[in-house]
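Note that chain A is present in both complexes that follow, paired respectively with chain B and with chain C.
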Partner chain A sequence: MANKDKNRHISTSTALDDEQRVKVLSPGMLVAKRFFRNRLAVAGIIILISMFLFSFVGGLLTPYDETQVFKFYDIIEKDYAGAAVNTEFQYYEAEGETFPAVAKAQLILAINNGEDSFVSKDVNYSLINEGKDFYRIVQYQEVARIVTKKGISKLTPAEGETFTSEMESLYLKAVEEGQDTFEYDGTVYHILQNGSTTVIAKAKEISIVSKMMFSAYSQDTVIDYNFRYAAEKAMNTGESRFEVNGSEYEMDLDVEDNSAVFYLLKDGQKIEYALASNMSINAVDKDFLSIEFKAAVLNAIDNGDTSFVFPDKDGTEVEYRLVRKNNQYTIRKYTETELINVYESPSKKHLLGTDGNGMDILTRLMYGGRISLMIGFLVVIIELIIGVILGGVAGYFGGWVDNLIMRFVDIIYCIPSLPLYIIIGSVMDFLRIDPKIRIFILMIILGLLGWPSIARMVRGQILSLREQEFMTATEALGISVRRRIFKHLVPNVIPQLTVIATMDLGSIILTEATLSFFGLGVKFPYASWGNIINAVNNIYVMTNYWFVWIPAGLLILITVLGFNFVGDGLRDAFDPKMKR
Partner chain B sequence: MEDKNKVNQVSEDSQSDYILEVRDLKKYFPIKTNVFAKQKGEVKAVDGVSFKIKRGTTMGLVGESGCGKSTVGRTILRLIEKTDGEVLFNGKDIFDINKKDLRKLRTDMQIIFQDPYSSLSPRLPIGEIIGEAVREHNIVPPEEYEDYIDDIMAACGLQPYHKDRYPHEFSGGQRQRICIARALAVNPQFIVCDEPVSALDVSIQAQIINLLSDLQKSRNLTYLFISHDLSVVEHISDTVGVMYLGNLVEYGKKEDIFRNPAHPYTQALLSAVPVPDPDVKMNRIILEGSIPSPANPPSGCKFHTRCSKCMECCRTQVPEVKEIEEGHFVQCHLYND
Partner chain C sequence: MRKFIIKRLAISVVILFFVALIVYTIMRCMPASFVEKMAREKASLPGGKSYREWLEQLEAAYGLNKSIPAGFIHWLGQAIRGNFGDSWAFNVPVTEKFSEVIWDSFTLGAISFIFEILIAVPLGILAARKQYSRTDYAVTVFGLIGISLPSFFFATLLKYVFSIKLGWFDLFGMIGRMYEHLSPFGKFLDRANHLVLPIVTLTIVNIGALMRYTRTNMLEVLNSDYIRTARAKGLSERRVINYHAFRNTLIPIVTIIGGTLPGLFSGAMITETLFQIEGIGYTAYQAMTTGDIPFSMFYLVFLAMLTLLGNLIADILYAVVDPRVRIN
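Let's look at the complex of A and B:
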């Protein structure tokens, strides 16, 4: 096109000809050329590109997740079970009966006072001492009352009860034999002498009260009331054989430590049935402790051993350690446990180690970089949109519009930003705002507070450009306002905008890091370089685990440095006074 | 283009010989220190200026710096609003029409600025600078656009390949040519040349002056040529106006003004023109002091503070404009009866 009949219109003498200069550079290309001659600027660009690759591509390449917690298995000594001497009364309620808590308190009072009956909530309970620390609680129901007056006895059955003559004869027989009970039709009747009145009553078993702990050999065995009563009675009387519920049992009593093993006699065989002891042994977890294990524990406690060996399910011998604390024994054993891999030093698996949450630091740095850079860019975009529009309007229209907008800018400048961030941060903490939404709120706030400097710059530029003669020329040519703004004004502000935006990016990343460091910005589980460095608020971490915070600090330093280098380079490249 | 010329000729026949008539034009700039303060006063940049320009001629407007020459030029184009008076362009008052019609009218009146550096947008290539308004106003059909721009550029001594270059790649003279091409591209009838050669060196000045003269002849243009350089004005003008402190103190045909200057100020100006001959003894009239502030102009004749022929009446009475010979107007008490 350049050579297309160039001499068509004018003679060569009038042509200001410098056609030999073929290379035509647009102002943008000139800036680029000058920019790339600046070594620091190129270094900055390389830094920034590598930061972007690190954050955005690195996050895709890393095998780990942002919030992946690394764990490992280790064998450590853990509490397995506890044993304690039982000093409290235990209550074994008869089937279908309840012994309320209030009555339990009355019972303790009665035992301490040596009384054999007590009243609780209009219910008359009788206390029958069956042995040492072994009571039976019975509730009597009156069947008949015999009042003897002047040698004449008069029998009156209780309301709703019948007292047959047969029963009467049995009663008389019992009185004769000096017994205080008689049995009729499978029910035991008690003869209670109370002065001149004799009361014949049915007894209702309520509960057994003792300090013995019973445990069955087999998980399926349910130790019922009758067995418990018979067994404890046997322990007190020393009878080695007794019969309950149609089965015969044999007892092996250990008087010294007040424990006993009961065997069920079936077809001439002795089957281990239950263990009674005043020690209570419970597993820390919901494990079922076998009676053999309990016996082993009791044995060890008796012998005063500090450790014992007991085979586990597979028959392997496991050593248990017995730790005594007053009347409490703790049984500990070495168990394989899952542990979080905290503060692991750099290794092949974790190039920069793991942090206090057992997460891979390198991976978190990548994701943190994403958030830091994203916040930087989005905030700058918000600032640019608001700043350019308001600054442009103020500069182009001038007058009271300019005055209004610039006073608004002054007001925004007056807002103390750090206290505001702290307040907003704590408000967000209080409202338990989702960490993801928090990031966006943070961006908006940073953007809303950051635009005034851009607005001022744009306004100043447009104000001075507006008075330039080329703007007067566009008016004289009748160019539309829209074209005048976007074709003539805006392109002339772009250089300053680019510089200020680049410089701003660095400072916003710093601000974000500061806020996250103080716990006001990006929150766990999201990573940001700032909240990774936050680990140093523990002095032990700071001095011992350099790999946790040094890399994040370096990344912030390098990135901000990169942005500043690029910003400086752009400013120099845009400066027309700089020689090419 | 031929159509347009035809239109021009038609309008020439139907309208008066005068393309522009300025009647008692006034432009006062308010003085304010800040928005809340009261207006302290006003700068009377243009204080009652009247003149007429014939179609196809050049009027030179001379005066010291700050006397209001450029303000007159810009007010005529309605680049700044007037305070009072009338500007009739082809018989229509340009301050009477609305903004939409004004935009259409813009193509008929153009301006060339003094500083060729600040008058070109640094971020646009030359082709865009020249052609922008052509497309904006649909001066030519889109298919003829490229050739049209080439023609205009060629007419101004620019090569077609300059189109892709940016202003910073040109010298001052070339830039001024670009400015002229930009003004010519919308095919105007009237151009205000606001000191177009003051920023250029003498050899380039000659080129630009000659270019303007050539274009005037070929396109029947009318110029208002604002300058402080009397020799340039003498070379290019048909009529000349001399301004002092917002007033047109003398106005007439070039020959009348330069041969027979009537106003003491014009006489002083002309005596200061350097003559390139060391043997010629100059009889200069030295003006004492500097131009007074237009915000607080002297009473009576504004020139009386520096005038060598100052009389008593000059201090109190504003002199009237007198026609001392045909087409030669002077505002001075010397010519009052």
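Let's look at the complex of A and C:
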């Protein structure tokens, strides 16, 4: 019926007017028409446009940064301080002296064996027992030696030392009184009896060894060697007053607890100076613990309390909990702490939640899309440049040039690119290459290994094209070889190039994602869809936080699918045999 | 025909030589500190050789003290005799480790390959027969999704659904915890159970290409003159499709399938790694990420060899299946 109408129409009209003219579309328009009639291709185009908008525009619109870490404050119970009954010897070295670790071990041995001297690394140390668990380590320096033979004593001063007659009389007096030390000119001399030989020696103070812990009342009080020695001696002897370094101190001793409070006597006033106890109390972070706090802790431990209240700097009462474990006490309190918002479920603030670093996943996906798409495009451009040049030259010249180039193509084609990149990636890991440079290296390697298929296709097309008449015409017109290849032959390959480039974009994005998934491609802090999914290597994340990895995977799938739809549609559209 | 094969073989050998040269050069260009650190790390592991021994062995195998061309000739001489050195990661000769793991890879590859053919070829033909129909669209979309699916994502998705949510399969590995206590048949079932997810992953991810290829070729055949003639003669549609069209479609399909056969030995690196199947792919992945140079070098050359072999088989098959090629 329709045919009949048409025939009638033609037969009635002889004029060549607009109505009669056959509508002819340009080849480009024909391709476009065929392309847009393909529903899959249109879907692909829509996918790609939305992906570009998502990545490039979305990144601008999102209120967050690529590497912005989200934190929140919460009150959690944290360890504040630790207290322990000190069972280890503490070493307090005299100014300018060192007491090496090896000697410390020797000392413990000597104490256990009840010896009063030991040798460590050719140094002779002597220990003087000053009280219970309280020793003084000294190094004797011989001043003089007295050898008694057959009732006659002979005194010889040591080399470089002088032994005055005054000292001698003091020595004799000391011997008479049965003391083993005497003092002269502010120096204490020790009389060491050793068989028929008596040695008079000066003692060089090395260290105090005891189990007492000292803490000062005010932050800038430095408890020095002399004070410590005097204080501990006072604790042992029970003398409540002593003088050291030109100041007078008073002691308040608690025998039961084996602890003492020392007061500095100044202008008739008692100023709290230091506390000594065999409990060591230390803050977890380098806080200064006031002595009142320590006293409160000791008190609570004494009473067997599990918690106590102590005012903080501003005077508000803070409750501390005391947790006991053997001889260890932990003091815990609730503190407001800044926490990173890790794996937060999707909410209004973070539409896809946050990842393991506390970063907004949606934002990371946008920036990741940028990198993935950019890598895809740049790699394809590299591949196209190399592939078209080499393929074009090979196809045009043929013969040995073609043979040579195609064998080269075969060689590159045979190099396994993914394993090679994994190796290079792990070397880059070792060299700690900057993540930004890594991205460039990744692109260059993918580009350098990906072009053979393009070169083969271009060569094949040009091989058949160059036999056609229009090429004879270009030759007859005397057009230069370069122009002939790149102006007349290559443009004829553009349809196939477009198809292959589109499909390639998809596969490059896949390769990049795979590498990043294995942690060898794009690295933190840069986001890429692949390295976002990388989180599933932790089974816990995979099981519990779907929002971390499923969106990224879907984005890769959809984007690559979009490229494949468009590529497929283009191939059908460019192919005139594929009638629709 | 023989001349053709010999010529192709000779070219393949030359190409392999150059590929090996490039791979060797890349390996040699690695920073020396990397090599030394890796050797030192290996040496510090219990039961390993000493650092000096590793370096000496490396030098002996790779001619590190020689220039690159001389070193390459040296390595090639060793490699031809089958001496690829000792693997750093596994402490055994490379070839021994290789023969230990290759068959698991092959099993995995071969089974999924059979599934692929069984699904892809009929679907491709179906899509071509009903071009631009709903079926065609569905098959095309299915194939393209397969091509576009990142295998690591798909594998994770399968694990999430079937291992974690449904608990049907184990997450990793080739054998279950109770493997040693099972009967021989039970052992077989256990192994099969562990291969299900990897096979599904591989099949779905690889199915697209073959399906598209079948469809394109079937379309070409269906548009050809002899099919029109067959129809004009009044043959039944079934005979036209199954007898005349299908046989001609088989030419390129058999060629491409033949060309893929060597690839079954290359191992599926990503899938094997994700499911921790002790095949060549997973082994190579471990070797490469830990800087096991002897094994990596071997694997790269091995892959290049498989690619060349694939091309060779495809070319020869093409000539065998299609007599028209032989005349030219």
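Quick notes on this one:
In this text, the second predicted complex is superposed on the first by the 373 of 580 C-alpha atoms of A that agree within 3 Å, B and C clash if a C-alpha of one lies under 4 Å from a C-alpha of the other, contacts with A are read in each partner's own complex, and residues count from 1 in each chain.
One rule holds in what follows: a contact is a pair of C-beta atoms (placed from the backbone, for glycine too) under 8 Å apart; a residue touches a chain by one contact, two chains touch by 3 or more.
All of these numbers come straight from a predicted model, not from anything done at the bench.
Within the superposed three-chain model, A:I479 lies in touch with chain B and out of touch with chain C [touch as defined at top]. In the superposed pair of complexes, A:H488 makes contact with chain B only, with no contact to chain C.
When the two complexes are overlaid on their common chain A, residue A:V560 makes contact with chain C while staying clear of chain B. In the superposed pair of complexes, A:F470 makes contact with chain B only, with no contact to chain C. In the overlay built on the shared chain, the residue A:Y73 is in contact with neither chain B nor chain C. In the three-chain superposition model, chain A touches chain B and chain C at no common residue. Taken together, the chain A residues at the contact with chain C in this complex read 39-40, 407, 410-411, 413-416, 418-420, 422-424, 426-427, 430-431, 506, 510, 513-514, 517-518, 520, 530, 533, 536, 539, 542-543, 546, 549-550, 553, 556-557, 560-561, 563-565, 568, 577, 580. Residues 11, 14-16, 18-19, 22-23, 26, 30-31, 34, 37, 132, 137, 140-141, 144-145, 147-153, 156-157, 159-160, 164, 171, 223, 269-270, 273, 284-285, 288-291, 296, 299-300, 303-304, 307-308 of chain C are the ones that touch chain A when the two sit in their complex.
Residues 1-4, 6, 8-10, 14-17, 19, 24-27, 400, 403, 468-470, 472-480, 483, 487-488, 491-492, 494, 576 of chain A are the ones that touch chain B when the two sit in their complex. Interface residues of chain B, counted against chain A in their complex, comprise 35, 74, 77, 79, 102-104, 106-107, 109-111, 113-115, 118-125, 132-133, 136-137, 150-151, 154-155, 157-161, 164-166, 168-169, 171, 173-174, 177, 179, 182, 186.
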